[in-house]
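Take a look at the structures below.
Here come two complexes built around chain A, the first alongside chain B, the second alongside chain C.
Right, the complex of A and B next:
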C-alpha cells in the first residue's frame, strides 16, 4: 500500500497470512470504520494472479447481504492488488473452541439462521460457496454472522458442465463429493451447514475424518450406509469404494442421545440438511421455513450473542 | 469538475458499454489506430485463440471472454506492452480464470505459440511479461468480470421463435464471428443474439419466424438494427476469413440486406447524439488507460451501482 491509500485507509497491523494473501487490519479514515486489507502477495505468482482472488472479487463485488462479508474496495497500487474487506474479528470456530463460552439453544439457532440466510442469498444468485466451515463463518463486532472466503466459489454450472469434486474442507464434505461426483448441486453447501449445526450443538467436529477413506467411513458411521434404493446411481459414482462398511441409519432415539440438548424440530432440520442423497436434502429456502426457527426458544438477539466485541 | 479530492487516489468506474462514437474517437489513440488495422490483428487473434481453445478443450465462453478481453485491451490502451503472442496468452489465461476453466500458463503458452506463425519464445523468458500483462488486462476491464455471452440467448430465443435447428446453428456460427468486432462493447449479449438469429433467418430464407418483435427479448429495434449493420459490415469486407465464410454465401447477399437495414435506420428519425470536438477529445483521453496511473497513486475500481455509495468529494473517471 502506498501513501495515497494510507490517506484513505490506515493499515495498523498484520493479523494473518494465507497462501496467497497477507491480511492487515486498518481503519477507513473518514468513517473511522474498521476494515481488513487483504493484500495479494507479489512475487509469488505461480500462475499469475491467484484464481481465488479473481473468484473472490468476481462474486463479492455483486453480493450485498447482511450475512455475507462485504467487499468494500479493490485497489491496485503499482503491481500489487489489494482487497478492502469488512473487518470481522471473530469466527465461529474460535467461539466453538472457546470452552469458557456457554452456547444457549437460542445462540445456536441465531447463528444457524444467519448462516442459512446468507447461503440462501448466494444460492439465489446462482453461486455455490463450496468451502463452508466454522472457520469461514465470521462474526462482526456487533455479533452478526457473515459468510466469508469465496476463494472456491463458482457459478452454478450449465447442465453438462463437469465440476471438480475436490472442494470443501474434508470434514464438511458432502457424500456425493466424497464419491467423486462431477455433477453436483447447491446441496453440497447445505450438507456443510448441517455439519456445522452438529458442531455447534456438540462443540466438537461431527465427522473428523483423517483422510478421504476414513471420511467416508466416519460419514457412514454417523449417518448410516446408504443403499442403491435410497440413492439411485450411488454405486456408479466414480470414487464409490468397492467395499463399504455397513452401518445402520441412526434412529431418532439414537440421535436424541447424541444431541441431548436438541429439540425434536432441531433434529428434524439437522436430518433434513444431512440427507445422504443430495436429491432428498433440503434447500436453503426449505430450511429457512423449518419449524425449528419458529419454535421456542427464539433466536438470541444480536446484542446478547456471545462473541461480540462491541 | 468537483473540488479536488483530499485523497490523491483515483476512482475508476467500470464502463462495460461504449457508444459507436466513443469507440471511433478512442480508436485513433489506441494500439491499432484504425479499424482495419485492428481487424487485421483481431482476425489473427481469433484464429490462434480458436485453435488454442480447441486443443486445450476449453468451452466457447472461455474463448469468447478471451476475445472480449483482447479487443478491450487493444482499444483501451495506447500500446501493446509485450509481443502480440504474449498479449494473447495473457488474455486467455485471464479468461480461463474468470470463467473458472483454469489452465496452466505453460500449457497456454505452448498452444498459442504452436498455432501462431512465429518462432516460439521460451516460456521462462516471457513469463514475467505475461504476468504483468495479466494485471494490466484486469485493470483495463476494471475488475469487472460481468462478461456475458450471446450463445445461451441464441438457444433460448431460437426456441421461443420456433426457429429450426439449422437457423440456430447458423446463428451460433455468426455469433462466434461477433468476437472479432467491437460489438461486445456496444451491445448487450441478448441483442447480439437476436441480430445473429435474424441474419441467419434471412440467409436461410426462413420466413415463418418473421416478423420478429424485438421488445419481448428486451431489445429495441434500433439497437438490433445497429447490431445487424455491424454484422453486415463485417461480412461485406471480411467474409472470407470469417467462420460464416465457410458456408459459401455471396457477398452481394449481405450488401442487399445492408441497404434494406440502413434505409430503415435512416427512416427511424432518431436524434443522433453528437458531441463537440472538445467533448470527444475529453472522452477519448479519459478512456484510454493511463499506464502510469497506478504507479503514481492508487486506483480504486468500482461497478456502476457502487457510485451511489461514494462520498461527494470523490471524483469518478
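Right, the complex of A and C next:
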C-alpha cells in the first residue's frame, strides 16, 4: 500500500532544508503535476514521529481550500516520513523583500483577501494556525496565495484547556501571547494577519522586536499602551510587565501618515485586526465583509499579480 | 469581487453538514452496513491468506492454524477496546484522548486482520501513544512506557504502521464533543427542565458514548447522531422534547429520530463476550502465529526426544506450564488487564515481562 503511494511520485531535486525537514521538488508521475516532497528528518525526535509532523498531517488532511496548501499524499520510506504537498515556489516574504517589484493597492488587497479566506476556513474547522507570517504564505505558480506550515497548529481548545503562549514568530505575536495568556482564541491569528497587512503596505516589518521585552515595547509604540479599562484583566495576565512605557494610541491622522497609500477603509480593517484587546479584535468572517474588500480598486486578478511563475 | 459574483456566492452557504462531509472521518471512515461488512470480510480474507502463506513459507501445514471468523476477529477487537479503560486511567487521560486512541484501534483492525497483527496489546499501546500526540497530550516514550508497561521498541516500530493504517487521517471525531454541545444547548432550549435532570442526562449519556466504542456506531453514524442516541438511551422523553424544539420541520424530525433510533438499538444490545469465549479466540489466534507454532512444535519434539532421559526434568523445571499458555502475553485477556493496570503497582511486571518470557521460550 505504502510503496504504491511512493511510486506515484518522483523526487527530483533538493530545494530547501529546515530544522526538521528537507524539501524536494518532484512530479506526480501519472499527471506530470509538479509537487513538493517534505521529508521529515529522522533522529531529531527520539519519541517517534515528530509532533510538528503529526500536527501538520492531522490538520492538512482535514483542510481543503483554495487558500490553504494541499496535502496530496503521505508515505513512509524506511524510517522517514514524507508529505507530498502542492508545489508552491514563491512566498510572500520573498515578494516583500524584492524591491524590484512594485505592489499596487489591488495586489495587497488580493493577497489579504486570499489569506483571510484561507484563515477563515481554518477557523471554521476549529483550527488555530499559530504561526502566520509572510514566510508561511506561499504563492502558487498561478499566483494563488496559500497558507502553509501547520506545524504549530492546534484544535480550538475546550474552555478549560490551557495552551502554551510560546507560539507565533515574535514579530507577529499578539499582545495576549506576549503577556503569557494561557487561554486565547483565533484572534491570535487575526493579529498576525493584521501585522502582515502592515508589512505589505510598508514593505518592512511593522513591529520588529529584538527580544520579547522589546517586542512589547515596539507593540505599544505602534498601537498605544492599553489600559485595564480598555482591556479588563490585562494587568493580571501572567507575564504582564511590572512597568510599561506609556504610549498614546495613534490617531487616524497619525496612521494616515504612517500608511500614506492606504485608504480609509483599508486603515479601518487594519485597526480592527490589530485591536490590542483580543475580545475587540475582528473575526475573519467579519473581516471578509469589510468595505475595504469591495471598494475600489478591486483585488488584482490572479493573472496580473506579481510573483506568478506561469 | 463584483457584486454579481458576491450575490451568486451568497446563495451557496457552507453548512455544518458541508464541513462534516469534507472531514476525513466522513470521507474515509464512514460506511453503510454493507460496505462495512464487505471491508471486514476483505480484511479477514487477507488475514487468512497471510496465515496460509506464513505457514507454507515455514514448511508447515496451514491446516494447523485455526483461522478466526469475521465475528471472532471483531469480538477480539471489541474486547480489547473494553480493556482500554485501564490504560486511559494510568495515564490520566481526558475522555477525548481516550476516544481518539480507541477509534484509532478500531480503524486499525478494520484495515488489518488480528491474524496478521496477532499481538493486539502492542497495537493498542501504539494507538494510545499516537493519540496522545495527535491530541496534544504529549508523553515522552519513556514516560509512556513507564506508566503503561508498554515496550518502547514495539511502540516506535508500530507507529508508522498505525499511521498508515489510519490512512494518515489523525483526527478522530468522537461523540463526546457534540454531547457537550447538546448539554449546553438543552439548558437554553428547555429552560423549564431542572438543572439536575439535565446534569444526570449528560452523565448517563456519557456512559452510553463510551459504550458506543464497543459497537460499529462510529463507522455507521455521525458523532452528533451517536450523542443523541446516547441521550435517548438515558432519557428519551427530554431528548425527544429537545429535538422537537430544535426541529420545526416534521420531516426532519422524523428522519433524525429514525436514524437515532437505529443507533439506540445498537447501543442497547451491546453484549460483552464472556472471558472464556475470548480466551478461546485467543488460543485460536496463537495457533495462527507461525512463530509461536514453530516454538510449540520444537518444544513438543524436544519433549518427545527427551522422553525418559534427564533432559525432560530440566525442561520441565524451566517451563512449568504448557508452552501455549506461557506464550499468552499478548492475546490473553487476563494479561491485557494486567498490562493496563501495570503502573498501579509500578513494578513493570506484567505485559513486557511475560512478553519477554515468551520470547525466551521461543528461542530455547
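Brief remarks follow.
In this text, the second predicted complex is superposed on the first by the 300 of 310 C-alpha atoms of A that agree within 3 Å, B and C clash if a C-alpha of one lies under 4 Å from a C-alpha of the other, contacts with A are read in each partner's own complex, and residues count from 1 in each chain.
In the analysis below, contacts are C-beta pairs under 8 Å (C-beta built on N, C-alpha and C of every residue); 3 or more make two chains touch, one makes a residue touch a chain.
The model shown is predicted, which means the values in this text are computed figures rather than measured ones.
After alignment on the shared chain A, the placement of chain B and chain C results in a clash. Legend: residue contacts after superposition of the two complexes on their common chain; A:213 is shown touching neither chain B nor chain C. When the shared chain is aligned, no partner comes close enough to touch A:257: not chain B, not chain C. Touch criterion met: A:298 reaches chain C, while chain B stays clear of it. With both structures placed on the common chain, the touch criterion links A:61 to chain B and to chain C.
By the touch criterion stated above, A:124 is placed in contact with chain C alone, chain B being left untouched. In the superposed pair of complexes, A:30 makes contact with chain B only, with no contact to chain C.
Among the candidate segments 1-9, 145-153 or 307-315, the part of chain C whose C-alpha atoms clash with chain B in the superposed model is 145-153.
Comparing which residues of chain A touch chain B with which touch chain C, the overlap comprises 1-2, 47-49, 51, 54, 57-58, 61-62, 74, 76, 81, 154-155, 158. If you check the complex, the residues on chain C that touch chain A are 1-3, 6, 14, 19, 22-24, 96, 129-130, 133-136, 138, 140-141, 155-156, 159-160, 163-164, 168-171, 180. Across the complex, chain B meets chain A through its residues 6-9, 59, 90, 93-94, 97-98, 100, 102, 104-105, 130-132, 134-135, 138-139, 143-146, 152, 294-295, 297-303, 311.
Chain contact summary for the complex, chain A toward chain B: residues 1-5, 7-8, 30, 45, 47-49, 51, 54-55, 57-58, 61-62, 73-79, 81, 154-155, 158, 161. Contact residues on chain A toward chain C in their complex (touch as defined above): 1-2, 46-49, 51, 54, 57-59, 61-62, 64, 74, 76, 81, 113, 124-125, 154-155, 158, 293-294, 298-299.
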